[in-house]
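Shown below is the structure under consideration.
For reference, chains read A, B, C, D, E and F in written order, and residue numbers begin at 1 within each chain.
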Amino acid sequence: MSGDATDRFVAPFRDPELGRRLLGAIARAARPGRTYALMEFCGGHTHAIARHGLPDLLPAGVRLIHGPGCPVCVLPVGRLDMALALAARPEVILTTYGDLLRIPASGGDTLFKARSRGADVRMVTSSLDAVALAAAQPDRQVVFMAIGFETTTPPTAVAVKQAEERGLDNFSILSNHVLTPPAIDAILGGSGAPRLDGIIGPAHVSTVIGWGAYQDLAARHQTPMVIAGFEPLDVLQAVHDLIGQVNAGRAEVGNQYARAVSRDGNPAACALVEALFEPRPDFAWRGLGRLPRSGLKLRPAYARFDAEARFELTEPEGREPPGCACGEVLKGATEPADCPLFATRCRPESPVGACMVSAEGACAAAHGHRRAPAAAPA
Amino acid sequence: MSGDATDRFVAPFRDPELGRRLLGAIARAARPGRTYALMEFCGGHTHAIARHGLPDLLPAGVRLIHGPGCPVCVLPVGRLDMALALAARPEVILTTYGDLLRIPASGGDTLFKARSRGADVRMVTSSLDAVALAAAQPDRQVVFMAIGFETTTPPTAVAVKQAEERGLDNFSILSNHVLTPPAIDAILGGSGAPRLDGIIGPAHVSTVIGWGAYQDLAARHQTPMVIAGFEPLDVLQAVHDLIGQVNAGRAEVGNQYARAVSRDGNPAACALVEALFEPRPDFAWRGLGRLPRSGLKLRPAYARFDAEARFELTEPEGREPPGCACGEVLKGATEPADCPLFATRCRPESPVGACMVSAEGACAAAHGHRRAPAAAPA
Amino acid sequence: MCLAVPARVVEVLPEAMARIDAGGVLKDISVALVPEVAAGDYVIVHVGHALGRLDAEEAQHTLDLIAEMAAAGEACDER
Amino acid sequence: MCLAVPARVVEVLPEAMARIDAGGVLKDISVALVPEVAAGDYVIVHVGHALGRLDAEEAQHTLDLIAEMAAAGEACDER
Amino acid sequence: MAATMTPHGPPLDLTHGRVEMSHGAGGRAMAQLIDQLFAAAFANPLLAQGNDQAVFTPPPGRLALATDTYVIRPRRFPGGDIGSLAVHGTVNDLAMGGAEPLYLTAGFVLEEGLPLGELAAIVKSMAAAASAAGVAIVTGDTKVVEHGHGDGVYINTAGLGVIRDPGLDLSGANARPGDAVLVSGTLGDHGMAVMAEREGLAFDPPLLSDSAPLGGLVAALLAAVPETRTLRDPTRGGLAATLNELAAQSGVGMVLEEAALPIRPGVRGACELLGIEPVNVANEGKLVAIVPAARAEAALAALKAHPLGREAALIGHVTDDAARRVEMVTTLGGRRVIDWLAGEQLPRIC
Amino acid sequence: MAATMTPHGPPLDLTHGRVEMSHGAGGRAMAQLIDQLFAAAFANPLLAQGNDQAVFTPPPGRLALATDTYVIRPRRFPGGDIGSLAVHGTVNDLAMGGAEPLYLTAGFVLEEGLPLGELAAIVKSMAAAASAAGVAIVTGDTKVVEHGHGDGVYINTAGLGVIRDPGLDLSGANARPGDAVLVSGTLGDHGMAVMAEREGLAFDPPLLSDSAPLGGLVAALLAAVPETRTLRDPTRGGLAATLNELAAQSGVGMVLEEAALPIRPGVRGACELLGIEPVNVANEGKLVAIVPAARAEAALAALKAHPLGREAALIGHVTDDAARRVEMVTTLGGRRVIDWLAGEQLPRIC
């Protein structure tokens, strides 16, 4: 039975022949002369689209616009500066997911650079690794720099719960968890963003919160949305469905990713998050500004696990990288290649902005996976 | 003026021509057929004698016997086991003089081996380095494994005083300081030791406590003693003087090392040691057994700097290395070369006993500096 | 960040852990978020946690829909 | 352990320290145990501390004694 | 590193002994370590010369010189250890130039505390790998660094080899538009076998590093296709780094077929799980061969006929892209650039 | 290590930049480090081949191969740094075999956090030393280890040299009873200059490491005394280790005259202060020569005529002691054995 999860849930959704036929169906569905501006909200979709080379295959009128759905890309510099300040404390071991280590903070500093200066910064692949580390190193303060959308919050909640059960007094989290609906609301309602004809909605976020969470948004902004998986056929089917809705003048929430997503999501995960976290009054998003009730912090009952309380941190005014158009890119208002620094001063090995670092960042996707223009030799 | 201390106090005391003439005087002074069994108490003398190749140059009747005056050689295994137990504590940085790192403890363990297992053991060249380390690492417990005769105790006292003045609460010492008069008393009065005709007395110990400290011993045991410096002409002059006393039937304390030693020594150093330290009821010496009032510990007023109190240590019954004749060698009862392990199982790179490790140990001196018999190939 | 992979639960382990098989790769993960999970179930795995169960029938249904949609288009073409 | 070397005090420093010259080697050591020491004095240095002062006249006196003793012996030989 | 022929005390304690600073201090303890461990395992006449340098008369032909340092963690991994890797990695760099390996030098940086038994096992593995690759370890060096300044053991090897064919030129600058790009087997086995150890992943079926000496495979290929343009082993940085290097060096582009890349299911699965790409994962027993298009089938056949090339594949071709891009046609027919890794991904895999 | 000819972003920041893990990951950051730092400093045609191996036609003659790894702390010391030392140490091991150095390989183990500016200075020093020694660094390797797993930088070099005289044999096995033992200058300057940095010692007059390439001195000696039996550089372990090695290898004994040993006052003073012996302290620009007794004066004259041998001295002779002891007649006329160092004394001096 080895590999059968892949056989059932991955391989068929990458089938070249079915893909070819689906692309044919899209080409036929798209009305000649009409433009379909579709935003893939999730960085996961951005990554999949680039990795499978989909833009070249879609009809000219179908334009895919990268959204702000990359948690590390939208994290404002001030939050990274907080992590750097924590990492500089000798008693602290700062743990986080690998994505975050290379993101430029104020002045171009990064957690990797902090580590090279001697700070104890460690990459984990699971929130529970951070808890295990705290248990193993009782004389150190282990801080988990928690980040992510609704997908990633429940694993953080499990970690806090576990730390509570194990009675650890040296574990805390720096919560940067954010919520997708306020961001989509801002994109659809805000100024400076392009007019969108439809949205490819979050995959694994929806596994947790359910596709029902987006119904109000679609209706309010009269914009169709299709929740889609991260395989290429998932994306193509969502594109097909959105074109169909646009053509029909509908604005519904479709669920292409029914194998993983239900209307209500994972109630156990939602309940755990609800028990531990509460919305902050507002939270800053790179590109989108401060959005009300868009970020989560631990409830007062769990304040002892909250690094902001434990270490009396306040969020500094971070200095965003000068010249970087990440904010505009994240709204879909600017194409990465239109940023003057793209592929010249800002390159994957020497990124200026977060969007060039994360594997799900729009600029990294544009630089690494597409047919990038060659840079001039140094 | 550079180098003038050497020109005045070292070079002339190594003068080959004067040495040759002094050796002639010794040859003439030694009565034919008579044996002069002279013990050099200090390891420093043992080292100097070997380093300058003196035994070959003395008349056949003059026999130099190595004494127990090597503080690391006489340290019983149980004290080293205490240091190893301390070093194994994660919060402890154990500091000590380099001589001690390779001395075999119970089961052949050493501080170097502990370090290779991950213990934080650091060599210092001054007691004050340990204090500086404690000041620099306030979150660690710095223990100074203090060892030595009256020479080395005042520097330890200065360190404790400095830690007190700087208000350090993470500095302590494991005192292994011992006193020379009880050891000389045991050698001269004890059984199992050879009959000695004279003693070459401690050099730098006497700088501190003065030559007067030995008058009672010389008189009581009717054995002449000459305090001597560590240069070859110092040793030869002392030998000449001892032969003269033996020939004349005298038993006085002579002071060959008048450039550094007075009758009363260094009163400031003595007063400081007196203020901080008190004699233990007894202390164990390898070879000589437990000698009353022969070891020093911090006075109760300084107990917070005493690692034995702070870490609630008791001295375990150490296991001396099986087969090692160090105890007998230290009393002068056995020659190193007569130990069955000498130069076979016990070698400088794989020492069995302490006397093969210390540069001042009788076995190391015999192995390294003399015309040792060749070992059989492994 | 939202990288997640499908896997089959090989064995449920104590303390809300399970051994999963993701494309021939075995790993121990937390199933604290899917308390009802059993061996043989399919789950979606994210940062060392099962986020939810996967429904093989729904997967097949989606594939059928895609095939139909693609075929419908081609049928149109053939006309 | 009782290794100690003669040195000349080059400069007395604050906090009971001094810079010494031992055969062309300069080092900062503690002079807490010889509080009265001054630049130009000779001291004997052990584990980073001056243990006591050295007396150049006594050194010369000892050397004279040795020379005398050796000469006396040789004079005897010549007899 | 040569034997000192000096008598020692009791033999090294390989059961409880650990590396101590004295083992690197140039004294008796170091001489003993060298005699009883290194000289005993690597024994050969040149090493036995016992001098600071090995002296020999080279065979006729051009010579090739290569070096690599091995800092891999964990030191043992499924399919090998740092000792065998330190031989394979360097003899393969020689083989990629068409050179037959003659001699290796070995430089060890040992961390205080390394169990002597583990060092002995590594040295034994190194000796066995050298013997299998037909190369002699003729001189060496041992340093010991304090606990906390190393990671058990780092090994540098430098290799000297001979290129017997006077006309052979396998420089990376030789690729020409139209040439075929081949790989000698599955991608990413080494890097993923190593990474899995660290990430607590297991494989069903088990995954082994591909670490192996490639001299025989190269000889077989060159015998069949002497027109071979260039060879390179896709180690650190994986296939992506190697092809970008070759494209830059030759001033060409390349296009690969995603569907043609040979990748084991376990490697593919682990890459999905960890969010990385098989083309960025290291190999230690694979080569990339670029041959004239007309010789592609012959080259493929020659590779497949060798035990280390059974899963060889033709994966793409060289283009005249002035921008020297390496691109890939995806299984769905799209195109994307295969870039170098930007930063770190698989630390310490070699 | 070869230049990749790949375009990069902004140049390395040598003022504030530090080594990061990405600099060893086989991707763009590593390629940039290699291009902008190593390839630029070491530039030569073989390195510019840009392949995994440097290929060349050797000159006629026998070849010599040597390697050493350099882990010295501090990395800069009076008279040199780890970069120049890594060249001198290895070319000297070649020179001791009578070989003229041709090529070096260079393997770097960089610790995360090393300031790039410091690395650049070390690389520059290495390039200057190689150029002065007439040797080209033709291939290399860079690894990066995590903070706390190295000590800034460790460098391995392997050297290939040519012995042009077909009759030359300088093996350590050639010493014969009656031969003269010479040393080319003062003992212990390197080890003591390094140790003094760590122990907070200063010198008046200042003491510099003797680190230097000895090829020219060897050539001068061999021209004057082609009958020279053997040469060796008394590095780690000092003169004592070197003479014991040679005694063991040749099956002879030696007797030295303490009064004949050339030792600077500062080195002697520091040895007294630290309780160590100058014969156990490392040198990096000195050689021991053993020559037939009848040629001792000619050898001494040849050494003294060279700038690196001005303080050369005849220090003793070879005996037929079957126990292969190295002994010393002390200034007072006594005798003692000069043994290997038993354990550690001067950690990390090379």
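The rule we apply is simple: a contact is a pair of C-beta atoms (placed from the backbone, for glycine too) under 8 Å apart; a residue touches a chain by one contact, two chains touch by 3 or more.
Here's who's who by UniProt: A, B = Hydrogenase maturation factor; C, D = Hydrogenase maturation factor HypC; E, F = Hydrogenase expression/formation protein HypE.
Nothing here was measured: the structure is a model prediction, and the numbers come from that model.
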Intersection of the contact lists for chain B (Hydrogenase maturation factor) and chain D
F
How many steps does it take, at the fewest, to get from chain A (Hydrogenase maturation factor) to chain F if each step moves to a chain that touches the one before?
1
Pick the pair with more C-beta contacts: B-F or C-E?
B-F
Copies chain E and chain F touch; is their interface built from the same residue numbers (over half shared) or different ones?
same
Determine, using the mean of C-alpha atoms as each chain's centre, which chain is farthest from chain D.
C
Chain A (Hydrogenase maturation factor) and chain C have mean C-alpha positions lying a whole-number Å distance apart equal to 20
Chain centres from averaged Cα atoms put chain C and chain F apart, in whole Å, by 61
For chain D and chain F, let me know how many angstrom lie between their CA-based centres, rounded off.
37
By the touch definition above, chain F meets two or more other chains at residues 5, 20-22, 27-29, 199, 204-205, 265, 269, 272, 275, 339-340, 342-343
Chain C: which residues touch two or more other chains?
3, 5, 21-24
Two or more other chains touching the same residue: where does that happen in chain A (Hydrogenase maturation factor)?
2-3, 6, 10, 102, 112, 125, 347-349, 374
Of all residues in chain B (Hydrogenase maturation factor), which touch chain E in the complex?
102, 112-113, 115-118, 344-350, 374-378
Within the complex, which stretch of chain E touches chain B (Hydrogenase maturation factor)?
7-11, 18-22, 27-29, 32, 112-113, 147
Using the touch rule from the top, collect the residues of chain C that touch chain E in their complex.
3, 5, 21-28, 45
Can you list the chain B (Hydrogenase maturation factor) residues touching chain F in their complex?
2-3, 6, 10, 14, 16, 19-20, 23, 50-57, 102, 112, 125, 232, 347-349, 351, 357, 359, 364, 367-374
Spell out the part of chain F that touches chain B (Hydrogenase maturation factor) in their complex, as residue ranges.
199, 204-205, 259, 265, 269, 272, 274-275, 322-325, 327-337, 339-340, 342-343
